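In the two complexes below, chain A is the common chain; its partner is chain B in one and chain C in the other.
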Partner chain A sequence: MEAMDSRAVQHDVADSGQVEKEVLAFLEAQTKRSWDPQVDLFASGGLSSMFAMQLVVHLEQTYRISIRGADLRLDNFRTVTRMVALVQRLQGAQ
Partner chain B sequence: MNIESGERITVVGAGVMGVGIATLALSRGLPVLLIDVDHVGLEDARSRIEGELRMAQLLGGLPEDAVTGPLETATTTAGAGAATIVIEATTEDLEIKAKVLAELSATVRPGTPLVSNTSSIPIDELAGYAQRPHEVVGTHFMNPPYLIRTVEVIRGARTGEDTMLSLNRCLAALAREPIVVADAPGFVTSRVLHPMINDAARIVQEGTASVEAVDTLMENCLGHRTGPLRTADLIGIDNLVDSLWVLHERTGDDGCRPCDLLLEKVRLGHHGRKSGRGFYEYAN
Partner chain C sequence: MTDALTAARTMVTGLVGEQAEGWDRSGVLPRELLTKLGSAGYLCPHVAAAHGGLDWDSARNGQFTAHVGSLCSSLRSVMTSHGMAAWTVDRLGADGQRAALLARLTGGDLAAVAFSEPQAGSDLSAITTRIVRDGDYVVVTGTKSWSTAAAYADLIVVFGILADGGAGAVVVPATAAGVRVERIGDPLGCRAAGHADVHLSDVRVPADHLLGGGGQFMPLLVTTALAYGRMSVAWGCVGILRACLSAAGAHARTRIQFGRPLGSHQLVAKHLADLLVAEQNATRACEHASRCWDEGSPDQVLATVLAKHVSATEAARGAAIAVQVLASAGTRDGTPVARAFRDAKCMEIIEGSNEMCQLLLADHVLAGV
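Moving on, here comes the complex of A and B:
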């Protein structure tokens, strides 16, 4: 029974490699350039910080999570890796 | 809540700037009455304000432990009688602003500043439509108001000292920094920026460079935080064109005549960020 429960939980949390691939694809479609998962998207020469809200809405809708309170800060969206970690943490907490 | 400041702000016009200014005031704990002509628009504004408050939080524009003020909406100006300050942010059109200021002037308590948030119409032209012209003063908040701390304030020829003091108190409660300038078409920021954006669009129209190339050069070579064409999207290209016509009519400067590319974008409904598409595309 325990093993089944843990499988059920894992099923609700998207695979991190898959999330990373999807977020990178979304970024590429929106910005018409490719990104490294570790790169600071909002550093000089990068994206406008206003774009971060589009990332918030996209992640919320795609992964059925709600990002609010202390989680709603630009640092959580600075790199694809951080966004993946946020998605996994919020999905796990549901 | 920031009740101790005692400010009660009425905002007229639930467009981009009205919503932005309401968001700023709410984020500082102040009560806001938002007035526009129809219920549907106001319901939409309520959800846009929620989104803007999230944006403010995301980008660090909210004070720590912020408790937002209460928002009321109305389709008539009657409630403005209880305001300590009224900010009109209606369409950049003299007739519309004149009508709204005349109506507000008949509603507010004498001594209440009537602030016109305009990007280019001279304040003294507007003051003539109020019952007490000394109560009329101009502000030019930048978009988004909750992230840009500095506000251009325009003192008209007839703007009274008490009006300036009341506006300064309100801006202090909003944690904004006023820079006061004299009255003229476009004041400082629009007089400089809007013809520049017009030129940037004309450069794209003539095929000299792409939208991205223009913005990247202005950002990375000249140190502009946001390129001129992305700024146009943020202002709203319809509003920018209205403002350019105001400038053109009043200065005679042909550099202010909106170029064909801007006019075409307005015709196609590509108004910028708020409509999902302008010089760039936006997902939401």
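Moving on, here comes the complex of A and C:
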């Protein structure tokens, strides 16, 4: 019941487990490999800044958020976990 | 909205008239022309209506950009730089910054973006311009090269590095103390686009001129800002090709050699077919990229680079063909195909050279997609 109540209050914020699953699926589809939610995606040999921009557009479109200004820091996209936190923060702020 | 596009095209056609050749020769666009187009919102038509813009989607903006590009690539280049400045403010600015700056950029003030430096061309990670926080101010020092439209700009969006290694874009008034804008007098193409080197020596501007407070990731910052410019250049190249097609077609229909029109000679006819293919290839690549933008698809990142590369190379190839068809009539400086020939070559260099685009496209292949 508690979970339902909290969902009723924050009905605009997507479930974090669900977002994590979706972002991992997007990454896998785009890169043809699987990723750990905690792994640094942009560490050496990882993904490019072009891909970072693809992620920005994907998250904006999928979760109806706008990622602007200071939020265009790499830290927000470094891991899947960070992206989930960003999505939740921006959805909550709307 | 189609009426709005028609009205915009009619207005620009009327304002440019037969003057593009003269502007190319003198290397200067009339300020009054730029102010008029800027106040009508036509230099950055993507800006939201709430900020004084026209709220145009990428497809409509692209069609308009192609039209301007078919008339005068110098004017289209000013539109590209001003549009990128507005796009950067929109993406990076906090709410207050967006409201204040976009009102100016849709109200007649002109803006330019400044990325390149003497030692940072294709490799923008080598940018050394410093943005130092100092109380309620930031202090900007560095040299920017080949900033398009900077010679006309009231505001210059300067990309630099902060003390903590993060990146930032700061809006610098061209009249601020310590700013020196040095016009490049003899560019190969887009001769009236106001290219300039911008020297910044301890330029103090209020800290709220630093978009979004700074601290962004430089490659992401640059990729974001360039994305708009690449679309604008790509559609501008479609315009170059349309101007070439029109000039070459008219010439091949009317010029008589060996007792018949040029176009009925098979080798000349092949040129016309090649030119049409170039224009159509570029148009389709741009339409696809704009559709990706308007749908919010992540594929827009790749489609933008592809459109820029296809359009620039097709424009350079097509313009060379058009000069060949017009022959001596096309080798007079300032004429549409002569301008196209020089302008299109520059489009293979700006906003990601052919080789940089090829590297990005190859990365995509290597990523296994």
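The rule we apply is simple: the second predicted complex is superposed on the first by the 85 of 94 C-alpha atoms of A that agree within 3 Å, B and C clash if a C-alpha of one lies under 4 Å from a C-alpha of the other, contacts with A are read in each partner's own complex, and residues count from 1 in each chain.
The rule we apply is simple: a residue touches a chain if its C-beta (ideal position, glycine included) is under 8 Å from a C-beta of that chain, and two chains touch if they have at least 3 such contacts.
Every value quoted in this text rests on a predicted model; they were computed, and no experiment measured them.
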{"item": "Clash or fit (per the criteria above) of chain B with chain C on chain A", "value": "clash"}
{"item": "Partner chain(s) touched by A:89 [first = chain B, second = chain C, both, neither]", "value": "neither"}
{"item": "First (chain B), second (chain C), both or neither touched by A:60", "value": "second"}
{"item": "Chain B versus chain C, judged by how many residues of chain A each one touches", "value": "C"}
{"item": "Where chain C runs into chain B (options 167-175, 257-265 or 275-283)", "value": "167-175"}
{"item": "Those residues of chain A which chain B touches in one complex and chain C touches in the other", "value": "30, 48-50, 52-54, 56-58, 68, 72-74, 77"}
{"item": "Residues of chain A touching chain C in the complex", "value": "30-32, 48-58, 60-61, 68-74, 77"}
{"item": "Parts of chain B lying in touch with chain A, wherever the complex brings them together", "value": "51, 54-55, 57-60, 220, 226, 230, 234, 273, 282-284"}
{"item": "In the complex with chain A, residue positions of chain C that touch it", "value": "90-94, 166, 211-217, 219-224, 227, 296-298, 300-302, 305, 360, 363-364, 367-369"}
{"item": "Interfacial residue positions of chain A with respect to chain B in the complex", "value": "30, 44-45, 48-50, 52-54, 56-58, 68, 72-74, 77"}
